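Down below are the structures I want you to see.
In what follows, subunit A forms one complex with subunit B and a second complex with subunit C.
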Partner chain A sequence: MTAAEAARVLTRRGLLISVAALLGLAGVYVLALGYTPVEARQGLAQKIFYLHVPAAWSALMAFSLVGITSGLYLWLQDPRLDRFAAASAEVGVAFSAVMLTTGPIWAKPIWGTWWTWDARLTLTLFLFFLFIGYLALRASVHDPAERARFSAVVGLLGMLLVPFIHLSVYLFRTLHPQPIVLKPSAPSLPPEMLRTLLISMLVFTALYVGLVTLRYGLGLAEDARDEATDVAG
Partner chain B sequence: MREAIRLALAIAAKDVRAELRSRTALLSAVVFAALVLVVFNFARDPTALAATDLAPSVLWVTFALAAMVALNRAFTVEREHGALDGLLLAPVPRGALFLGKLLANLAFVGTVEGVTLPLFVLFFNVDLTAALPGLIGVTALATIGFVSVGTIFSAMAVRTRFAELMLPVLLLPFMVPPLIGAVQVTSRLLAARPLSEVAGWLRLLTLYDVVFVTLCTMAFAAVVDE
Partner chain C sequence: MLPADPPQNAGYMVVAYIVAPVILVGYLAGLMRRVRRVVRK
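Showing the complex of A and B:
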């Protein structure tokens, strides 16, 4: 199979998974509005939780995978790892845009302010900027091998910045709701809420897989095109 | 190991010597830092905010901007006349090369910070006598971390289009943890609070230095080797 054919298969598969995930997302809306109870203190504003948390989860997963594949690229020098990291970074930026817009919409009625310079907010914003920088760097280096090495270094360093972000959360006084699902004691959510959240996280993970597959296929097609035009030119 | 340190020092000495012969970059960076301080002084409403309340933030934003200017030129000079290619042909391990450039950049940024500090005392009327040793310590701790990341990014940025823009965009997110820590520690120092209040921040700054100096030293080969 040539690269162009592989690209076509991958983009089609990616599109299919993404569409299925988007249908699943519609299901999550139905569950969030019809199945889960209304939270006693926050009211309907709490419903955004089923989008905000899974989006944040997908964004963080995307960025962690960029870091891991970047580190592996520096070791194995496999162009597939670089292409995956590029795809994951782009999708991660999209998910963090969702996280960074749904957050303030919730914060306005609950905290009384769109934005607060709380540690976690500030630093996720900077994580978003970091990956915008990662994509800007990719766009400004022409040579593919050099682009792959440079962005792998930034991706790896970026992943190591994340623990420092988390450490700062605990050192800086924080307003952000504390972890309620992943904590040492049992999750303190009613079962309907927890189930919906978990379904939504699955849907967002599927959406991530779909979009990355799509973007990976496009990257493959771009590389095939560049190679073809280089040979022709 | 000893050989690598000797090579790193030789590279750093070369950079420092080149800098001392021209002095233009160093002087410009110092003047730039002084100007930032002056601008800050006029950017605040003196009836609403006391100079001392703003002092730690002003100091660290000035340091960060001055470091950015300094780092932007760190590898620009190596690009001229293919100096970097010559350096890469020499039998120097890439880690030693990185440490050499890091030391040279630290000397440069450290000098700018050293000149800025008295100006800061003068313009913002803060009393540093008691806080000075602690302030020098935390400045060194924070500066080592972000100059280390800045050195490796600077080596990349010179090879891209829009190099002057690429470095700040990449580096600023990495400056955030050291800057937050440094501002916290500085404000406690200026308020004559005990250091035990900021032990967590000091540990974070130290950890940041260890992690990023090690990682950048190891990753530098991927940036310069074809």
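Showing the complex of A and C:
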């Protein structure tokens, strides 16, 4: 199979998974609105939780995988690893945009402010800007090997922020609540809320897989086009 | 003690439930546009 054919298969597969996941998101809305109880202190605004937490999960997973594949690229020099890192970084930025918009919309009615410069929010914003910089770096370096090496170093360093973001609620005084699912003891949520959250995390993970597959296929198609242009030139 | 009635703040939920899919579907549409442009070339 040629690179152009593989790219076509991957983009089609990525589109199918993404559309299926978006339909799953509609199912999450039905569960969140019709199945989960209304939280007594926070009211309906608490239901933003079923979008905000899975978006944060997907973004942090995306950036962690950028770091891992970037480290592997520096070791193995396999262009597929670089292509995956580029795809995961871009999709991670999209999920970060969801996290950074739904967060303040939830914060306003509950905390009384759209934003506070506490450790978790500030580090998350820095991570978002860092990966915007990563994408800008990729767009500005034209030599593929150089671009892959420079961006792998940035991707690897960016991943180092992820554990600090997760642990920031333990390390610093913050308005952000402590983890309620990813913690050493059992999750502290009513079963309806926990089930809906887990389903939403599954849907967001599927959407991550679909978008990364599609973006990887696009990267492959661009590389095949560039190679064909070089041969023709 | 818990309040008798939950606070009335559904508007924030509605906005968040609109914004999130707009970002994700917008990104997906942008990706498809880029795919079509590359394939055309």
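Here is the rule we go by: the second predicted complex is superposed on the first by the 223 of 233 C-alpha atoms of A that agree within 3 Å, B and C clash if a C-alpha of one lies under 4 Å from a C-alpha of the other, contacts with A are read in each partner's own complex, and residues count from 1 in each chain.
Following the convention adopted for this analysis, a contact is a pair of C-beta atoms (placed from the backbone, for glycine too) under 8 Å apart; a residue touches a chain by one contact, two chains touch by 3 or more.
Treat the numbers as computed from the prediction; the structure is a model and nothing was measured.
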Contacts of A:101 with subunit B and subunit C, given as first, second, both or neither: second
Contacts of A:188 with subunit B and subunit C, given as first, second, both or neither: neither
Partner chain(s) touched by A:113 [first = subunit B, second = subunit C, both, neither]: neither
Partner chain(s) touched by A:39 [first = subunit B, second = subunit C, both, neither]: second
Touched partner set for A:161, first subunit B, second subunit C, both or neither: first
Touching partner for A:74 - first (subunit B), second (subunit C), both, neither: first
Contacts of A:222 with subunit B and subunit C, given as first, second, both or neither: second
Complex contact set, residues of subunit C against subunit A: 2-3, 6-10, 12-13, 15-17, 19-21, 23-25, 27-28, 31-32, 34-35, 38-39, 41
Residues of subunit A touching subunit C in the complex: 8, 11, 15, 18, 22, 25, 29, 38-45, 47-48, 51-52, 55, 91, 94, 97-98, 101-102, 105-106, 108-109, 207, 211, 214-215, 217-218, 221-222, 225
For the subunit B and subunit A complex, residues of the former touching the latter: 149, 152-153, 156, 159-162, 166, 169-170, 172-174, 176-177, 180-181, 200-201, 204, 207-208, 211-212, 215-216, 219, 222-223, 226
Contact set on subunit A toward subunit B in their complex: 74, 122-123, 126-127, 129-130, 132-134, 136-137, 140-141, 145-146, 149-150, 152-154, 156-158, 160-161, 164-165, 167-168, 171-172
